[in-house]
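Next up, some structures in structure tokens.
In what comes next, subunit A is part of two complexes: it sits with subunit B in the first one and with subunit C in the second one.
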Partner chain A sequence: MDAALLEQMLLGALLALSVYLPLRCGQLSLATPGFYAVGGYVAALLSTGVPAFAGTGATSPLPALLVEMALGGSLAGLIALAIGRPVLRLRGIYLAIATIALVEILRVLNLNLPFTGGAMGIFGIPQPFAHPEGYVLFTLVLLAVACWLCQRLEVLRLGRAMLAIRDDELAAASVGIDTPRTKLIAFVASAVLAGVTGALAAHFLNAWNARVGSFDASITTLAFVVFGGSRFWLGPVLGGLALTALPELLRPVGDLRLILFGGVILLGPLFFPQGLVTAERLRWLGALLGRGRGRRKPLAP
Partner chain B sequence: MIFGRLQRVGTGLLTLTLLLAGCGSDAGNQPIDLSGGVPVGAVLALTGNANVYGQDQKTGLELALKQRNGSGGINGRPLKLALEDSGSDEPGANAAFTLQINRGVLALVGPTLSQQAFSADPIAQRRGVPVVAPSNTATGIPEIGFFISRVSAQSSVIAPLAIDRALKLQPGLKRAAVFYAQDDAYSTAETTIFQKALKEKGLDPVTVQRTQLNDQDFQNQISAALREKPDLIVLSLQAVDGGNLIRQLRELGYKGLIVAGNGMNTPNIYPICQKYCDGLLIAQAYSPELDTPANGAFLKAFKATSGGATPPQLTAQAYTALQVIGEALERLDRRQPLSAATLTAARKELMAEILSGTYQTPLGEIRFTPTGEVIQSQFFVAQVRMDPGGRSGRFALLQ
Partner chain C sequence: MSANPNGTAPASAPLLQVEAISCRFGGLLALDRVSLELAEGEIFGLIGPNGAGKTTLFNVISGLTRPSGGRCLWRGRPTTGLGACGINRLGIARTFQNLRLFESLSVRENVLVGLHHAARAPMVGALVGSGPFRGHQGRLEAQALELLALLELDALAQQRAGDLPYGDRRRLEIARALATAPRLLLLDEPAAGMNPAEKDDLRRLIGRIRDHFALTVLIIEHHVPLMMRLCQRLAVLNFGERIALGSPAEVRRDPRVIEAYLGGQT
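The block that comes next holds the complex of A and B.
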């Protein structure tokens, strides 16, 4: 498999996790591409405008990338923090509409701000890695950390509180869970993850413009989670990897590839309404692995 | 416990992807794979919102391929063209470029949109693969690097010609109104050039109206513009939104001259604005009415496959791009046989060869600057003339 495609898939998986975080406490937020765009603009502006970030050699310095990711994530997080309180008073489809509006506002801002390069965007972004393999390794580490944090949520008080809100917000509030605060944390965490991913993606894509943060992108990232399953972090990761790879892997079928891709998106939720990864399938998989280990054990001397 | 195990499954998956990543290899110092012909790639927007352009370009490439292989290919060996769809976005273009380069193509034609070029061309530049862009008109494309060139003249050269012509037709023009799509790269780049040209002619725009690429109703912007009583309207829009806007402009009573940019330089506008297209002024990099042997041959081939229609500029430019690569390959192969060269060296030599030649193309005679910018000997201004029924028309060359 080609490393450049693998990198696209990993970025898809990170974005899927960003959509998954608010969904984990029952909040349908479509704002991920907006924050992704913001993170990318931070990286693009810094690395093309500040000599220290661009470096002098063939590749731009790695610490600069880390600073950009931190700044991109922070800016996205700050925006989420500022608008989170009022927006998260909304629920369900109303929250979704409000976040679509947010994506649209950010898009029009990015098109018209004097320093974001208009519709042409920013191009000639320097490369921190000479080969796509470098990006893949770096992104794998990032994804592993994100997955580990999501895994920790399963046992942490915060994660449990999120699950309680998803199941029944009223009940969760009545047992003393600070529901507005928990929802805000999930929303901000989602924005930070999207911002960090954007900062990395801007380098990888060489150029950055307002089209990365469009309504279409909102739907695509949501499809990752719907396809993969929203109950456990492995679902969105699988969904993001699979749905980013599929259009490319289907190239041999020629003109039919987008029709087939559409068919897969359609059939996925039809046959797996809860997504590919569900609690039952996880338990089944766990039991299978457990049995495998159980059988092996007696063989050991 | 379950989750602990799953954590291991997750780690396993990550290790697997890591291993797969390690398998990526570069076809650097291998010989060229000449089985089945001399490999050349094309990356066009055949799907997504730019698909109309990609389809026109595909026709041009097919004609050029037929022409080349009908007259002996590359010194007896056929030219083998692999076409990939880039969609209309940047990740799609990047993926298609990478795929083609990994396949071992000697040169690439594409991508369709300038935005895609800013994202995908650096990949070709880093890996040393010649790119001849058939339709990127934004400023700064050949400057991406040595391996990037284009046969499409940039809009800053072409666009002002239509303004000059409008002033020649109606010397008393005073009040220009400008429209452009604020979310489209081509549109925003070209409108800057139009506005600069207008200012140089003392025609400071009385109003600048912003639209969106996917808008269909322009009544607000048109009413606001018409309040300023313009006598010249300048559009930088794509075929679909531009066609709709012209239609609504005329329906709302505007009678003056309309100048449009490169995006509307296609017969695809006829069914959209129909009889209202009549009189539209467009500066072109290609005119079907150009009387040269190269254009004659291209016209004949196009008419034979399309049932007598006239070719759009995008088709002629795509044809030219592949013609340029074909002729450069032929010269290179004669100088140092491709069968003996390594892929990396041949790609580099080919780029130098492309830049050094002079080509008799449907666009007229063209050459390249050392950076890869096209030098084209003539440009044209055409006025749309619609048939009485308003179904079809032609771009009539203004002498």
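The block that comes next holds the complex of A and C.
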């Protein structure tokens, strides 16, 4: 497989995890592309405007990339922290609408701020890796860390509190769960992950403009999770990988891509109401693996 | 610890004081200046016809509904504005008349959610699963199983809560509430839908739980004979108004209670 496509798939999986985190506590946030755009602009601005970040050799320095990812993630996280409390009071579809509005506000800002390059955006972003394979390796490590953290949620009190809120927010509050705080943590974590991913993607794509954080992208990333399932981290990862690859493989369809995602969102829930990866299928998979290799820890309880 | 605004020492204050609570929904006065006091360790019953405001009073005490007037005091301190989470952390836990379990979680996880928030895990090590953290997790698992055994749910620990039959769900609601280590337990019609034998079992169970955890219990139940045997004191609500309060024998003789329960039929 083409390494550039593989890299796009891995970035898709990371964005899917960003949508998954709020959904794990029942919060339908479509803000991921907005935070992704913010993270990317941080990386693009630093690496094209600050000599230390651009480096002098053929490739830009790797430590600079790490710093950009940390800063991009932090800025996205801070924005989420600032707006999270009021926005997360909204429920269901109202939260979705508010987060779409946020993505739009960020897009218009990115289009009009004096330093973000207008509609053209920022291009000629330096490359920390000489080949796509370098990106793939680096992104694989990032995805593995993100998946491992999500797996820890299965045993951490935070992770269980999230699921409890998703099942019944009122009952969750009355067993002592600080529901606004838990939802805020999920929202901020989602933003940080999207920001970090954006910083990496800006380098990989070489150019960054306001279109990366658009309403289309909100729908696309949501489709990843609807398709893969939102109960367990493996679902969004598979959804992100598969649905990023699909339109590239069907390149001739062009703009039909959006219709495809719309179709997934419409028809997916009809045929797989809980997405591809459900608790039952995981148990079944665990039993299958367990029989082959003796007793092992179940993936999901 | 500072003295509370009333100047009474918290130690001598009742566990819970409900002070002239009113609750208005549009034109409906669901609670009309209801007052009562719970002493530590008692089983206190709340009875009254359908729509009398019993569940509404539970919602106010547990912080789910903001009253239009009056206040509650926990060991002499007002609970106003704490919210459901804050009130649970004070030591008040409840069950729901219309069952609100975490249905997609297992029976065991429903109890663990409650336990988690009573006992904080060591933060360092929680992320990587260090030895101390695993020890903490092990203790919580053991506590969860113990609670489930007490409510005769241990055999169902791995089942999805949403798949349980009705009676088991009611007992799981109690187990989840107990997991938060309350001092006061509010039970909203825990015997609803049970047959007489099950009701009798439940009555004994509530007594056992009270003794085991040295709890105070406030219970709503329509089955009056059960309440007469279980409770030390009873309050009767009718159309949002507290019409009687006292020992089961006193309440049974009260003419207003007889009127409220039989009035429509004479």
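Here is the rule we use: the second predicted complex is superposed on the first by the 272 of 301 C-alpha atoms of A that agree within 3 Å, B and C clash if a C-alpha of one lies under 4 Å from a C-alpha of the other, contacts with A are read in each partner's own complex, and residues count from 1 in each chain.
Operating definition for what follows: a residue touches a chain if its C-beta (ideal position, glycine included) is under 8 Å from a C-beta of that chain, and two chains touch if they have at least 3 such contacts.
Worth saying up front: this structure is predicted, and the values here are computed from it rather than measured.
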- Item | Contacts of A:Thr179 with subunit B and subunit C, given as first, second, both or neither | second
- Query: Between subunit B and subunit C, which makes contact with more of the residues in subunit A?
  - Reply: B
- Item | Touching partner for A:Ala171 - first (subunit B), second (subunit C), both, neither | second
- Does the superposition put A:Arg160 against subunit B (first), subunit C (second), both, or neither? second
- Dual-contact residues of subunit A, meaning touching subunit B and subunit C, are 155
- Note on the structure: Counting only contacts in the complex, subunit A reaches subunit C at residues 149, 152, 155-157, 160-161, 163-164, 166-168, 170-179, 231, 279, 301
- Message: Quick check on the complex: what are the subunit A residues that touch subunit B?
- Response: 1-6, 8-10, 107, 111-112, 118-121, 123-124, 127, 130, 132-133, 136-137, 140, 143-144, 147-148, 151, 154-155, 205-207, 209-212, 232, 234, 237, 241, 247-248, 251, 255, 257-258, 282-283, 285-286, 289-290
- In the complex, go through subunit C and note every residue touching subunit A. 62-64, 83-85, 87-89, 93-94, 96, 100-106, 108-109, 112-114, 116-118, 121, 126-127, 129, 137, 176-177, 179-180
- Within the complex, subunit A is touched by subunit B residues 1-3, 5-11, 14, 17-18, 20-24, 46-47, 84-85, 87, 89-92, 94-95, 98-99, 102, 114-115, 118-120, 122-123, 126, 138, 140, 144, 181-185, 187-189
